[in-house]
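What follows is a structure written as structure tokens; I'll ask about it next.
Chain naming follows the written order as A, B and C, and within any one chain the residues start at number 1.
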Amino acid sequence: MTFSDDTIIIMTGGLVATGCALLGVFLVLRRQALLGDAVSHAVLPGIVVVFLLTGSRAPLPVIIGAAAFALLCVLAIDAIRGTGLVKSDAAIGLVFPALFALGVLGIDRYAADIHLDLDSTIYGEIAFAPFRTVEIGDALVARSVLIAGIVALVDLVLVAALWRRLKVTTFDPTFARTIGASPDWTSRVLLLAVSVTAVTAFDAVGAILVVTLLIVPAAAAYLLTDRLIGMIVIAVGIGWVAAIGGHAAAIEADASIAGSMGLVAAVCFAVALLLAPRHGLVARRLALTRRRRAAARA
Amino acid sequence: MTPAADVPAIEIDHLTVTYRDRPVLWDVDVHMPRGALGAIVGPNGSGKSTLLRAALGLVPTDSGRIAILGEPSTKARARVAYVPQREAVDWDFPITVREVVEMGRYREVGWFRRMRRHDREVVDEALERVGMGPFARRQIGQLSGGQRQRVFIARALAQRAELLVLDEPFAGVDVRTEHAVLELLRTLRDDEGRSIVIVHHDLETVERSFDWALLLNVRPIATGRPEEVLTPENLRRAYGAEPVGERAAAAGSWAG
Amino acid sequence: MGWLIDLLPLSHAAAVVAVGSMVLGAAAGLLGALAVLQGRSLVGDAVSHSALPGVAVAFLVTGAKDPATLLVGAAIAGVIGAIAMVGIERTQRMRPDVAIGVVLSSFFSLGVVLLTHIASTGGAEQAGLDSYLFGQAAGMVEGDVELMTWLAVGAALGLALGYRALKTSIFDREFAGSLGLPVRLLDIAVTALLVVAVVIGLQTVGAILMVAMLIVPAVVARQLTDRLSRLLPLAAATGAAVGVVGALLSIERAVPTGPVIVLVGVAAALVVLMLAPGRGIVWRAIRLARARRRERIGGVLIDLETAMHHGPPPTPEELALATARPARDVRRGLRALERAGLLARDGGRVMLNARGAAHAHQALEGRRLWSAWLEHGWRLRLPDAREPDPRDLRASIGDEAVAELAAMAAMAAMARDDGGA
């Protein structure tokens, strides 16, 4: 069974979006959206270092390197915040640019060797996805689809396995500590998963789209529903809408596919922001007017 | 324009404020007389802080007419000194004790002119009255809870306002500071004829030291002299169950 | 700024980059400081990512590629991004961090789409537009530096004008509202300062790394001063220094300027966090170690005094056993006492000499005083808001109060004795 190039691109995008949505919902709920952003940037030096050390860009070593730098990023932010001298947001804004700067310098120095140019880390090269294939048995499978699929599966398994822990540590961290579920540990695992998802998606969709797919669909879902499972389903749904719509739009506009996918996700969010039945801006304004009228009548 | 002596300090009619579709204050009437030391009491979530904020025009209201010292709240701003709860203050902000109290002069001095000698004297006097004179150059975060509260009260004093509005001024404050501040407030009422209203949680102190009380739980339950307001009947209606304490022991009744 | 550029002992191009980085560092440091103090520094990240589509749209609309035009586009986009963030937060459901993240990634996606669209449709004209992504100091010319300087000066003047209002609103938002200050407008003003800072720095450092330039100087300055009026100029100076040092380093090593400046800045911040007098981690560790030592010595001193009253001078091991202290702590304390000239040894046994006994009495007196404070202190009238320090009551509440306290304690003791008799 062979798929068209378009289908492969869409599937890659959709699978990346699925993995991101599963994690992103919890990032948004835990007010750690920007930590997810930071971690996604922090993986860049990991990619460079791994290549310099091992000379390969094979998935497994790169994942380990990225995860290592993601962990470094999180620990550094915690340490700086822990001094009590720097606020959380400032700690984030110090660490990830420093790590990213290291990555940029590394690429600049060894660009020729790595075959990694800076632009592709941002834009990704999803257009090339259909052409990178892997042999599985008799079939040629697009590598990006394979990896994105595996990562999405791993994310799903992780979320399912940690479901109760995630719920408790997200909604009541203090209580969670008293029953032995450490919010910090859960956060670290979550962010490690984010880093792995980010680095595997780098190749295909670049850094920014990963961040977009982590935050934007989940944020839109948060406006549309009050139930956790609902949030996840809607976020995944929006992710696929972004993948399909973005691909179509990119062809129309002759622009970056990854960027278009992000843009479609953003449009979905804008629609949700305005029109969500209870939390949307229009609904809130109507409710306010209704209340004022009722109070005036009384 | 000084209002007539019988104009109330705070006059609120039919105030309703909602938050997330639920009324926090519902058809609330308040008439606090001038020259009194008044308290607003009630259980958590009863809308006490919101009442203060609404009176000062800081939160949007669904309905209601508000008059402070005879004028609409936006006009009366110059004659009111507000000491908000200390939750939202950034204690690490690079600001000294003196600078905080100086903020009390900003309305007079404006946002661009230099402080005049008169303003500096007012600030010094305010600092002395609360006992924070020796601490004028400390950064605000280096003080204890009680000392910080004194600084904010000094700021209110520096405003030279006729009406003082304080939201939970004794939360997290040591006993010594509480007594000192209460004494100061009584002096302001007696010697300077000022009106003072505070949101407070200690019913004993209210009954002992205050002239006027409002018992509130989304709707006003009772207003007037504390002994008339804080009856077991009213407290039961406000708190659901009467708080256990000396009064309960004296009345021979149990909580619940 | 031309005079400064000509003054430096570098090639013209290098001097331009150095001076430009200095202006950038100073401006970003000064204009970003308020946002950092507010805890909203990552709004600067969103603004700088929002600038990208602004640059693209400016090019599409005007066809021009000069920095002035493009930066106008960046500014407008930054403002729109800021408004979007406010709008998102208005739902009450979206927290500030999500609002920042959504605007950041959405606008950036838009920017990427536009830039790639331009790249595919346009010819050579669009080359260099994406230098706003990672920064490209090498292309800086004197005209750019002049533009940056004027922008920086203008924004700084605006800051000076609104200084009082901004200070009040950032420190105590509710109180500022009660004074009639338009707090929402002032928030927007702080964001506007961020937009200007981003516009100034975008060319050099790029959209992604810009946020560090906004944060580093304020973090450094905060460790060095407790007053806002000193913090702001210090932040500007720090930013300038970091900019220049980073630029010079990058020129010497022939590597991209933006990342080097950021790394220099973050390194400087880490150093200051460690070593800042009073606040720094190293200082705190030293103070903590000193306090622990004091406690240990004080404890051993009193224990030894007590032991001596109850029997023959003990050996260190006996002392440790009797007082349930770890033997190592006891020995350390004894050594310190010896160094201070308070200890006398006799064979394996230890005892306090005359001076040591005097010190011990003083320490015991301190403890008795604290007990007296707990019992009678509430009756004491202190002249101001001073608060007692258990370790040194005399220094914290003054001699007069201590005398009063001692008198009260004596009277209470007499009353007790009479009662018991």
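Worth a mention:
Following the convention adopted for this analysis, contacts are C-beta pairs under 8 Å (C-beta built on N, C-alpha and C of every residue); 3 or more make two chains touch, one makes a residue touch a chain.
Bear in mind the structure is a predicted one, so any value in this text is a computation, not a measurement.
Centroid distances built from C-alpha atoms place A farthest away from chain B. By the count of C-beta pairs in contact, the leading chain pair is A-C.
Our note on geometry: chain A versus chain C, Cα centroid distance of 30 Å, whole angstroms.
Centroids of chain A and chain B (each the mean of its C-alpha atoms) stand 47 Å apart. For chain C, the set of residues touching two or more other chains reads 39, 92, 222. Multi-chain contact residues of chain B (touching two or more other chains) are listed as 92. Of all residues in chain A, those touching 2 or more other chains are 87, listed in ascending order.
The touching residues of chain C, counted against chain A in their complex, run 36, 39-42, 44-45, 87-88, 90-95, 97-98, 100-102, 104-106, 108-117, 120-121, 130, 133-134, 208-209, 211-212, 214-216, 218-219, 222-223, 255-256, 258-260, 262-263, 266, 269, 273, 276, 279, 281.
In the complex of the two chains, the chain B residues touching chain C come out as 20, 53, 56, 58, 74, 77, 80, 82-85, 88-90, 92-96, 99-100, 103, 106-107, 111-112, 130-135, 139, 144, 146-147, 150, 155, 175-177, 180. On chain A, the positions that touch chain C within their shared complex are 28, 31-34, 36-37, 41, 80, 83, 85-90, 92-95, 97-98, 100-102, 104-105, 108-109, 118-119, 122-123, 208-209, 211-212, 215-216, 219, 222-223, 249-250, 253-256, 258-263, 265-266, 269, 273, 279-281, 284.
On chain B, the positions that touch chain A within their shared complex are 16, 18, 21, 27, 62-63, 92.
Chain contact summary for the complex, chain A toward chain B: residues 87, 287, 291-292, 294-296, 298.
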